[in-house]
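Paired with chain B in one complex and with chain C in the other, chain A is shared by the two complexes that follow.
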Partner chain A sequence: MIRFGLTRGVTAVAMMLLLSAVLFFSTEALPGDAAGAVAGADATDSERAEIRERLGLDDPAVTRYVTWLGDALTGDLGRSSAAGRPVAEVLASRFGNSVVLVGLAVAAIAVLATVFGLAAGLRAGRLGDRLLSSVTVTLIALPEFLVATGLVVVLAHQAGLFPAVSTFPPGDSSWQHPDMLVLPVTALVLGGLGVATRLVRAAVVGVAGSPAIEQARLNGESGVRLAWSYVLPAAAAPGIQGLAVMAAGLLGGSLVVETLFNYPGVGSELARAVTYRDVAMVQGLGLALAGSALLILFVGDLLAGLLNVRSRPGAWRRAEGGVS
Partner chain B sequence: MRRAKRAMPGRLLTAALLLTVLVALAGPWLPLPSPTERVGMPFEPASWSRPFGTDMLGRDALARTAHGGRTLVLQALAATVLGSVVGLAVGTFAGLARGGPLKGVLRVVDGLAAMPALLITLLIAAGRPGSDVAVLVAVTLVSLPFSVRVVGAATARLADLAYVRTALARGDSRFAVVRHDILPNIASEAWAEAGLRFIAATQLCATAGFLGLGAPAPAANWGRLVRENAVGAGTQPWPVLAPALLLVTLALGLSLAADRLTSPAGRPRGDRLVSRAGRLGTHGLTSPAGRPGRGRLMSAAGRLRKVGRERNSAR
Partner chain C sequence: MSNFSRRAFLGFGALTAAGVSGVLTACSSSGAGGDAAGATLRAAFAGGGSSETLNYFVGPTALDFVRARLVHAPLGAIDAKQPDGVSYGILESIEISDDLTSYTLRLRDSVTFTDGSPVTAADLLHSLRAPDELEGLPFTRLVGRNFDLAAARRLDARTLRLPTAQPIADGRLLLCQSMLVIKDGTTEFTPKTPSCGPFVIEAFEPGQQTVLRRNPDYFGDDVHLDEIHLLSVGDAEARANALREGQADFVSGVSPFNARELAKADGLTVSAGEPPYVSNLRFEMNLSHEPFKDERVRRAFRLAVDRQAIVDTVYFGRAEIGNDVPALGFPSYDTGLEQRRHDPEEAKSLLREAGHEGMPIELTAGPELTGMVETATLVVENLRAVGVKASLKELPAGQLFADYEAYQRLPFAAGYNPSAPFEANHTPGTFPDIDKLVATARSAPAEGDRTAASHKAQGLLWEKGNEIVPVFVPTVDAHTDKVSGVRSLQFPDLSAAELASA
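And then the complex of A and B:
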């Protein structure tokens, strides 16, 4: 288990390095552009040269990458070229809001997907399962921004139930404006629910045919008790991994949803930085989001490893002893 | 009876899908007003001369919708073709390699496949703002891990079979083995995988347009049309509704078509979509390529080799 965790950890770090390199080299503007942007249009050649020197733009790209990564590790993500604020400060002020948004969505999806997935998986092939499967396929097929825009148009513009824009004063936390959270969270939930439900269903179907469940059925277990005490523990490992992949995917979805609702989170800030070509901001926020996604996937893998019954011989023996 | 009943909406959706693709590709040739010229007040209601009314800057919404699909469809198509070529090249050789650095490549690829596609697309395309090609490259790169993994897994299943081992053992080059023994046997999986990547690519390209990536502002793009006109959707829904409906038709029609073409009878609908979307690498929960390819069609050369090997073998 420790070995498993270590391998996963090393893989995650290697991927973080790879992603940071991709991020840095794809967003790094050509040196002339960056110097020109800082110096302004009517700077003299010597001023430009001085700025290039100061920003280290004459160094080879690899050196700049290593410097950037080293600074990032110590918490210095550079300064936004648009507003001049330190990127780390912007990140700190937005991160909590994004965590609230994505966290609420993940919690709602986990509950709903477990209920729907169990219900469909234990009745595989019947009418309810087929209906649910049509709904989830539709949800998966639709791009997130269409679902979110649909919610805004119907529930905010037409019905006027909730605000169409979720902007609140900078000092406030999102908890103080629950009405502004309803639509963004719903949009995220609809975006991730289809995938999550199908993953849970697949895990449940895989478990439902196993000898252990058959034994439980023969012992007279059925309904909620069968689902809760027998199927769920056995299906938990792949289910949790599926939820982790889904939760990481929601970070991508939050880009869309936060931008659409103008919600003050990391995702909308990143999309804005891309629009304004704010390189330091894109790199810093991108690194933070990619790191968060990797962390979620890593934790999901670890939890799945811990929950996987087969990797615990002791648990196997206990289970067998309990049945007889 | 039930078949006929279930086939009807499916056929309608397929027809709608073909129509949507046609509108997307041929739209810019239709005799419509300019998509960038202001012809009236913002958000004018629909009328005979302007069936969808005007958009947020007073431009003709119908013309903008007609111009907004071509880039999207071509981008997705090009990304799919490009991804298939690279994915097949890397996937087959990585799948044939036993151990060694190429297996390590597959490991990293597995990890990358689980990262949120939209985030990675944005980060790659961010470096060249306003470029449709950047979006195309980003979408290709993002979908590559999936392609490499599916092709690699399909190849690895064949790599252990007798005729492949025989071919390698008697000194056929790797390229020849891939060409004659592997590719013909993974063709159906490769097609199915390309179909799923095309669906994902259309979604990603549309979302990229929504986020403002790709060709800058006056250019029309269904994703961006939805976003820029959402403000006025309460008073004038058509500028949003038209591109949104086209995108919905495209998305649903494509996934239904892919599902029908790829899933063998008896599998629950949409399983492959989930393997695309779920992309779990490690526990074999959603192996996208289905069952091992033992009973599959083999190339003629492969079949001959297999027969020869079986005749010669001691077993």
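And then the complex of A and C:
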């Protein structure tokens, strides 16, 4: 198990280095630079050249990559070329908001997907399963902006239950305003629930026919106890890995939701930075997102590995104190 | 009512702090009568995410300037109705020497900064030099390009004499368009930086919100609000939602479609900036592209465009028709020029004459100004109707000007200029005869000569220029009916806004 963890850890670090290089050089390769975007249409050529020099856009790319990576390791991600704000400062304020949003959504998805996935998987092929399947397929097929717009129309415009946009007072964090979190979290949950439920269901179906579960059934286990104590532990590993992939993707990828609800997360900031050729910001936010995605996947792998060990029949019996 | 049910639904036992202050506001305003003393205006702008900054010289978004104009007193504002063409703010007057080589700026008496120090000519001079010294964005450096600021001289504590770089008559417009006063020595901008505008910064979170509180020592007497909350809401749809849901009283930058929908809603009003506060949407025909060297091709392209259809279908009427000449609404704009017709037949025959029938052309555009892509789409259709094999290359947001050298090489490209006087913003180098006329229009001693030269230059641009200016686009705002007193300048000026009590 320790070797497994170490191997995964080393892979993650190597992956991180590779990603940092890909990130840096692909943003370098974009046509145009911040000088053009910042200067505006009425700038003279010398004003443009001055801005380019000030932003350090004239050094060779490899030099800048090494400097950038070295600085990044010490926590210095450079400054935004738009207004000179440190990237790390932006990251600190935006990242926490994204973690709150995605954390709540993933927690809700985990609970709901487990309940629905177990219910459907244990009744595979029956009416309940078919109903849940059509609901999940519909959820997967609905574009995110449609779900989000629908929520605004129904829950904000018509019912007046929740604010349509997030307007956090200066200095406040998102968790201090739960009413403004409801709609964005719900939109993310509806967007991810379909896939997650189907993942859990597939794992449950795979496990339900296994000898271990058969044994449990023959021992007279059924219903919630069978699902909770026997099926879930065996089916959890692929479920956790699926959720980890989803959480990693949502962290920077909830752009539609962030935009429509004006939620100050890291995704909309990244999109803005790409639009305005704010290279330092793109690289800094990208690096942080890549790092946290790898971390989440790494933790997901470790948990799944642990569960796999536990759920292997031999290990199970050893854990129970049995002899083989 | 919806607020109440929302709170009840969430089961919040205690009133939030905002709720309490709302109740207090209601009490005080009912005591004061109609004028809602203690009112807070919530205004939403697109903002710029985390790139928003209090340093308005480098802040790239409209919100940065809107905020700065509420905190730092402006020298004045362009106002065609005034005898000088400008209305004064912190300045009392701008006198111009007869030979147009020196300007004398005089400050109002006994104006102070928030730290108690008086506003002096030294502060004024620093304010004018700061855009260059602090490496401001090009649009903030208009004054530095036209005046010799190094040679400026203080005549007394309130008076400053500025020599011009070349003789110019339009210096008042340049000085009053967007210059604000900051304290001498200011190089960094924080909420604590001394200022002399109508409001002071209570709190600032880039990309989220700015809380402004009334400056009790402000020299002007037309400030009615106690607080302004500037909300950053990036998406136009989300801004419209914020207004509909009562989360904002005023929103700036409303899309044409949303403007039409919001105008129909009860209790909401849509307003648009009026000339000269409109941006010119232009399509530039690159003269190094062979067919455009022929004047007849350029005229054909201009005649092919159906301008009224653009105003009607792209902007739902909320735009001004253009006549291929910039700076609509400024005093020197030649209203006597014949309005360009939509004449596809004439366009066809001109193209035939020039031997460029069925010429291929690609128009490049991006969503940099409201309706730019939609207008470009119509222009391409118009050109196809006269036999040109036109196609549209649509770039994603932020790309059009990102590589400016590449942009300048495009054969046919969309662009825009924010509201600015024609003569001072004319880029020389394309037509020497027009350049000469523009120089005269800026520097001739007699006003009649200047106007004549300007009109002649505009006439030549109309005749043979390489820009199609089909439409002038205002910034469209929307607000609840309780809001009044917002001035639609280049950007909305909220300093004199009022909020009626419910």
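The criterion applied here is as follows: the second predicted complex is superposed on the first by the 275 of 324 C-alpha atoms of A that agree within 3 Å, B and C clash if a C-alpha of one lies under 4 Å from a C-alpha of the other, contacts with A are read in each partner's own complex, and residues count from 1 in each chain.
Heads up, the rule we're going with is that a contact is a pair of C-beta atoms (placed from the backbone, for glycine too) under 8 Å apart; a residue touches a chain by one contact, two chains touch by 3 or more.
None of the values given here were measured: they were computed from a predicted structure.
Novice: Is A:Asp179 touching anything from chain B or chain C once the two structures are fitted on A? First, second, both or neither.
Specialist: A:Asp179 sits against chain C, while chain B stays out of touch.
Novice: State whether A:Arg277 touches chain B only (first), chain C only (second), both chains, or neither.
Specialist: Touch partners of A:Arg277: chain B and chain C.
Novice: Looking at the overlay, what does A:Glu28 touch: chain B (first), chain C (second), both, or neither?
Specialist: first
Novice: Just to be sure I read the superposition right, which of the two partners does A:His157 touch: chain B = first, chain C = second, or both, or neither?
Specialist: both
Novice: Looking at the overlay, what does A:Ala235 touch: chain B (first), chain C (second), both, or neither?
Specialist: In the superposed model, A:Ala235 contacts neither chain B nor chain C.
Novice: Per the contact definition in the header, classify A:Leu19: touching chain B only (first), chain C only (second), both, or neither.
Specialist: First partner only, chain B.
Novice: A:Leu260 in the overlay: touching chain B, chain C, both, or neither? Say first, second, both or neither.
Specialist: After superposing on A, A:Leu260 lies in contact with both chain B and chain C.
Novice: Between chain B (first) and chain C (second), which, if any, makes contact with A:Glu269: first, second, both or neither?
Specialist: Touch partner of A:Glu269: chain C, not chain B.
Novice: Is A:Arg85 touching the first partner chain B, the second partner chain C, both, or neither of them?
Specialist: second
Novice: Which chain A residues lie in the overlap of the chain B contact set and the chain C contact set?
Specialist: Of chain A, residues 152, 157, 259-260, 274-275, 277 contact chain B in one complex and chain C in the other.
Novice: Going by the contact rule set out above, which residues of chain A touch chain B in the complex?
Specialist: Residues 11-12, 14-15, 18-19, 22-23, 26-29, 124-125, 129-130, 133-134, 136-138, 140-146, 149-150, 152-153, 157-158, 194-195, 198-199, 202-203, 206, 237-238, 241-242, 245-246, 248-253, 255-256, 259-260, 270-271, 274-275, 277, 282, 286, 289-290, 293-294, 297, 301, 304.
Novice: Once bound in the complex, which stretches of chain B touch chain A?
Specialist: 107-108, 111-112, 114-120, 122-124, 126-127, 129, 199, 203, 206-207, 210-213, 223, 226-227, 230, 233-234, 237, 240, 244, 247-248, 251-252, 254-255, 259, 268-271, 273-274, 277-280, 282-283, 285-286
Novice: Touching residues of chain A toward chain C in the complex: what are they?
Specialist: Residues 31-33, 35-44, 47-48, 50-51, 54, 80, 82-85, 90, 93-94, 152, 156-157, 160-165, 167-171, 178-179, 259-262, 264, 268-269, 272-278, 281.
Novice: Quick check on the complex: what are the chain C residues that touch chain A?
Specialist: For this pair, the touching residues of chain C are 1-3, 5-6, 9-10, 42, 48-53, 55, 58-60, 64, 135, 137-139, 141, 203-211, 231-235, 237-239, 241-242, 244-245, 247-248, 396-399, 401-404, 406-407, 415-417, 420, 425.
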